[in-house]
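Pasting in a structure now, in structure tokens, and then I'll have a few things to ask.
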Amino acid sequence: APQPTPESGRAEPTRVTFALDWAPNTNHTGVYVAQELGYFEEAGLDVEILPYASTPVPELVSGGAADFGIGGQGGVQLGRTAGLDIVSVYRVTQSEVGELVVLADRDDIDSPADLEGKIFGGFGSPLYRAMVRTMIEHDGGRGDFTEVVLDTGAYEALSSGTVDFTLSVSTWESIQAEIEGRPYKSFQYQDHGMPDVQAVGIISSDAYLTAEPEVARKFVAAVQRGYQYAADHPREAATLLVDANPDTLGGAEELVTKSLETLAKDGLFVADGVVTGSADPERWEEYGAFLVENGILVDESGNTVTQAPDWADYYTDEFLDR
Amino acid sequence: MSALSVRGLGKRFGETTVLDGVSFSVEPGRVTSVIGPSGSGKSTLLRILTGELDPDAGSFEVDGAPVRNAQRPFAFMPQRDALLPWRRVLDNAALGLEMAGVPRRQARRRASELFDTFGIGGTERLWPRQLSGGMRQRVALLRTVVQERTMLLLDEPFGALDAITREQLQRWLLGIWERHRWSMLLITHDIREAVRLSDEVLVLSAKPARIIGRVRVDRAIPRGDGFVLDPEARRLEHELLKLLARAAPGPGATMMG
Amino acid sequence: MTRRLRAHWPPVAAAVLLLGAWHAVAVSGMLPATVLPTPVRVVEQVWLQREALLGHALPTLTATVLGFALSVASAVVIATALDFSALLRRAVLPLLVVSQTLPMIALAPLVVLWFGFYLLPKVLLVAFLTFFPMTISLLRGFAAADPDMQALLRSMGAGRWGVFRHVRAPSAAPYFFSGLRVSITYAVVGAIFAEYAGAVAGLGVYMQSAKNVFRTDLVLAAVLVSSIVTLLLYALVVALEHLLLPWLRVERGLP
Amino acid sequence: MTRRLRAHWPPVAAAVLLLGAWHAVAVSGMLPATVLPTPVRVVEQVWLQREALLGHALPTLTATVLGFALSVASAVVIATALDFSALLRRAVLPLLVVSQTLPMIALAPLVVLWFGFYLLPKVLLVAFLTFFPMTISLLRGFAAADPDMQALLRSMGAGRWGVFRHVRAPSAAPYFFSGLRVSITYAVVGAIFAEYAGAVAGLGVYMQSAKNVFRTDLVLAAVLVSSIVTLLLYALVVALEHLLLPWLRVERGLP
Amino acid sequence: MSALSVRGLGKRFGETTVLDGVSFSVEPGRVTSVIGPSGSGKSTLLRILTGELDPDAGSFEVDGAPVRNAQRPFAFMPQRDALLPWRRVLDNAALGLEMAGVPRRQARRRASELFDTFGIGGTERLWPRQLSGGMRQRVALLRTVVQERTMLLLDEPFGALDAITREQLQRWLLGIWERHRWSMLLITHDIREAVRLSDEVLVLSAKPARIIGRVRVDRAIPRGDGFVLDPEARRLEHELLKLLARAAPGPGATMMG
């Protein structure tokens, strides 16, 4: 268990582990900034960033293998309902960053309705299937399409034309496609019948938060400072992120910089009138309702959930620095 | 009390009866030979004694008591030499001693002392595959006798040897028997060899094998230089040959093709 | 106890023991039920989801069987060719080894890109992931042939092919079957792996979907199905060996 | 041509041929350079990224070697135990087969949960993914022992252990080495696979990161490094066999 | 023109010279036997003729011409029987015919006709491992003679047989030779057998092997019933025994242990 941290900060720093959901990318910027600029150190924390593992972060955190980790709203809603001990403590993006994309030269596809009967380069997730179906139906289609589970190969498959559409992170793959000169044509989920969602966030567990509320407060506050810095200084933050991950991001400066600029200005890291990193109850309610309606949520014993739980239990702003 | 006493041994393989009530005994310090047509069941008999096969009928006792496995006081030489390909010739020869708990160095030394006597000096460091058929047989024999067990079971020990080497090894075996008085059960297809080395020669019939003749060989018969000219030995040989001819299976008549 | 029962109780007992241990851990609370459900629950799910599981098991089985057939054929052809030419062996064997060192987890997406999502890439991946143990075993088995027997065949006027067919190939049979046992075991896993890399249906797709909604029980239900399929295939290989190599039991002094 | 050259040109020629084909496809424009860079570019990257690659290769190598050592040890212990007890064999062998049918891609996450991110889970996964070919080969090899030789040993008063040590084990040696060749080939891939499942450093982590920033050239550079490592380990196994089984060449009538 | 003519054959294994300038020839339709101490190089000589080993010196011709591989007109019986474990006994016996292109059914039929003559009738469907040592040897001999090649190379064909069976097969071989007049090169360690079956007997010295004696055996000597009592045959046997004693390697003197 972590040591209680004396205020002086002279004693041993408290160890905190943080699990990434993927190889280091701009979603993780705030954490790396806090690390690089010494925010954690100032708070008396020794943060270890655990790299991506095929183990889903909710399971790592729920199982106690990590104290915190990247975890978006959808994952928290699915996971906590299914009995995982996870709770959202910080929202990295205030809204959706994903988008449905096709190749820019696909003149035959002008709206999601045109995706009827097409091939989806997918990820084997019922949530994404429901999302695509909703978008097609919203635009007047029947919602029939074929999903090919491709996982990381989806983008190559799209650019080589073996699938017709896939889902892309607007602040990562879509930017890369642009850089490579093969830009995507994109459809925003929210424009086609999907509720908005706080797509990227940070989670912890009730168990950890109960045991270490003070450490959690320091950690979340430091991260919050980090993302605020990234929103204010995207170029500097880009440099910090790349410097922290020279092996992996060295050579991808352009991608990182463009991505961070987008994340900073489009109301993703920060939004007008809200505390950075805070939860938006409306998004949790609406997205939660979508999950219930589509029968995606199951409870601990594997039964489909038909009655929305109290979503307020699923997130907290308690550890934010207001 | 007999060194070995076999009572009513029977053995079948599937439908075929191979041994059918074989009884005999070997007295302590005596040599008994078994001759019989090829395929009659001689090797099968030894394989039962060594515990490799279980008999379907009958039993046997060693020194008056039934044997339990791993306690057999035999040194056994199988018909096919069964040299281990992964041991050099010397290590093959020392195998029996090693198994008896003799330390490796000592086992090798004792085995190596016999190499010249057996006419295979210089092959110690070769692999078995590098030996001729007769040399392999000699290594197998050496491996057996060097164990100095009180009872030897030898399955055609000289079958692959030329006349001279065979003569030399027979004489050597006679000499070592004189000194140690081991009991021996010897399978051979050479009648003269049987007479020369034994106190008693048993004749097995063709499959299903029964003992159809027993010939005692007096120790008074000279086994060394005088053997070849001894008329009593010749008479016994002749008697055994007749027994063997009776033992042989039917088709011999059709063989003059 | 009937003979049949006597032959079967040890694996059953072992399996029961293992399931018991699993159950004990699952209900101990060491791990949340979402991470480790009880075996009873998993079996329940196999029954409840039987239609979906069957629907996904069939494409996996098809890919497995076709891929494995291709694998056996390639292994036999490659090993034979390499046995005939020392030059080829020196040239190609290192490449085969290298081929097995390619982390498929990184390259599988390319295969899918080239061959589409349906049967073909799965078949190819299964073949690729399983031919190696058989090839190596065959090569070793050919080399284990008795030189005396080969010399005999040559003395009878047999050419290299005759020696190969009548001595080297039969000598390799026991080795081959040991490679076969390893390979068949990997075949189903290989197919599932291929489905992770790209497929429209199959147990791998089913597992991935279940995992994404934290349904470990369904993942394990699919795992159970895949294990049963593999065990059946393995038993088939054992039976085939029994049938095709009757002499082997005799050689080993078995009744 | 010197002897050394003569022995080495076939694999070199084959490799050059293959690289040529790769290069041709890469520059043909069939695939974009981001999907398939030229071999020259990949080698260039190996050199440019040598420090990073070395830094990531070391943990992978450590996991491989430790995992493989564990794997060999387990295979020998398990196979020996199973050889001694037919009951155990009937009980445990099906479980071993089942264990190999578990799609690690679905279960690796559990391993990380239980054993964390560092060396241990990698070592365990490598061992788990590689012990099976050796175990099966060993079992087959034990069974291939000549009954005459075993009877001889028993006649010498050797117990089951003596027979095992002096006949069954050496008989299994050629089989074992054929399993070893297969296993060592899978060991590095297994370590990389384990790193995909969760690790702080290693070639698998490097590949994944490189893929995330769309650097196929770096992925392939890491693949190249892993292939070279595997080839070296494979060569080591071959050399070891040569050294430990001198009788085998004689048995096979080789000079 | 000789059926086989061997000139100055030499063979070394590593440091050891095994054959050292061996020359002889076998006339068409004649039988030549080779005797010599165990390990002298008799089998090595045959292995060179069958092409299994390359000689280090010398050469040989068949029917006056050097042979190319796969064209040897020999039927060869190796010393260790080399039965294929994966073929039933009958299929082993038919192997040589099959290799010569005889259709399988016919090959089996021809081989099966000899089973009774060889005293192994009823073993056709067994596996080699289920045969006794002498039975295996007979299968190997059958496999060789059924090929009906013009030249037979036999390496100790009767080594594992009892006196009666051996006698029967020797007579059978004499009979078949009378009819077919095959040329034969026969290795044996039995001097009497050599005299009985041959036109000429060659004696090899111990390693490094040279031919140290040649004994012609007149065809006038009766080979059938009268053979055992023929004084000329006995004289030749005695002569060969003396030659063999000279051929034997040194350590014999120390063998009386």
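We call the chains A, B, C, D and E, going by the order they appear; numbering starts again at 1 in every chain.
Going forward, a residue touches a chain if its C-beta (ideal position, glycine included) is under 8 Å from a C-beta of that chain, and two chains touch if they have at least 3 such contacts.
A quick note: this is a predicted structure, and the numbers were derived from the prediction, not measured.
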Chains touching chain C and chain E alike, please list them.
none
In the chain contact graph, what is the shortest path length, in steps, from chain A to chain E?
2
Select the chain at the greatest separation from chain E, using centres from the mean of Cα atoms.
A
Between chain A and chain B, what's the gap in Å when you average each chain's C-alpha atoms?
84
Between chain B and chain D, tell me the centre distance in angstrom, where each centre is the average of that chain's C-alpha atoms.
49
So the centre of each chain is just the mean of its C-alpha atoms; given that, what is the distance between chain B and chain E in Å?
26
For chain A, jot down the residues that touch at least 2 other chains.
56, 59, 63, 152, 156, 160
Where does chain D touch two or more other chains at once, residue-wise?
35, 105, 110, 113, 147, 196, 211, 251, 253
Quick one: which residues in chain B touch 2 or more of the other chains?
80, 130
So, with touch as defined above, which chain pairs make the list?
A-C, A-D, B-D, B-E, C-D, C-E
Tell me, which parts of chain E touch chain C in their complex?
47, 50-52, 69-72, 74-76, 78, 80, 82, 84-87, 95-96, 99-100, 127, 129-130, 147, 153
Residues of chain D touching chain C in the complex:
7, 10-11, 13-15, 18, 35-36, 87-88, 90-95, 97-98, 100-107, 110, 113, 132-133, 136-137, 139-140, 143-145, 147, 150, 174-175, 177-179, 181-182, 185-186, 188-189, 192-193, 196, 204, 207, 211, 219, 223, 226-227, 229-231, 234, 251-253
In the complex formed with chain B, which residues of chain D make contact?
146-149, 151-159, 162, 166-167, 170, 173, 245, 247, 250-251, 253
Which residues of chain A touch chain D in the complex?
22-25, 50-56, 59-60, 63, 65, 152, 156, 159-160, 176, 180, 245-249, 251-252, 255
Residue ranges of chain E touching chain B (in the complex, touch as defined)
13, 35-39, 42-44, 79-80, 116-117, 119-121, 130-135, 138, 156, 159-166, 168-169, 171-172, 175-176, 189-191, 241, 244-245, 247-249, 251-252, 254-257
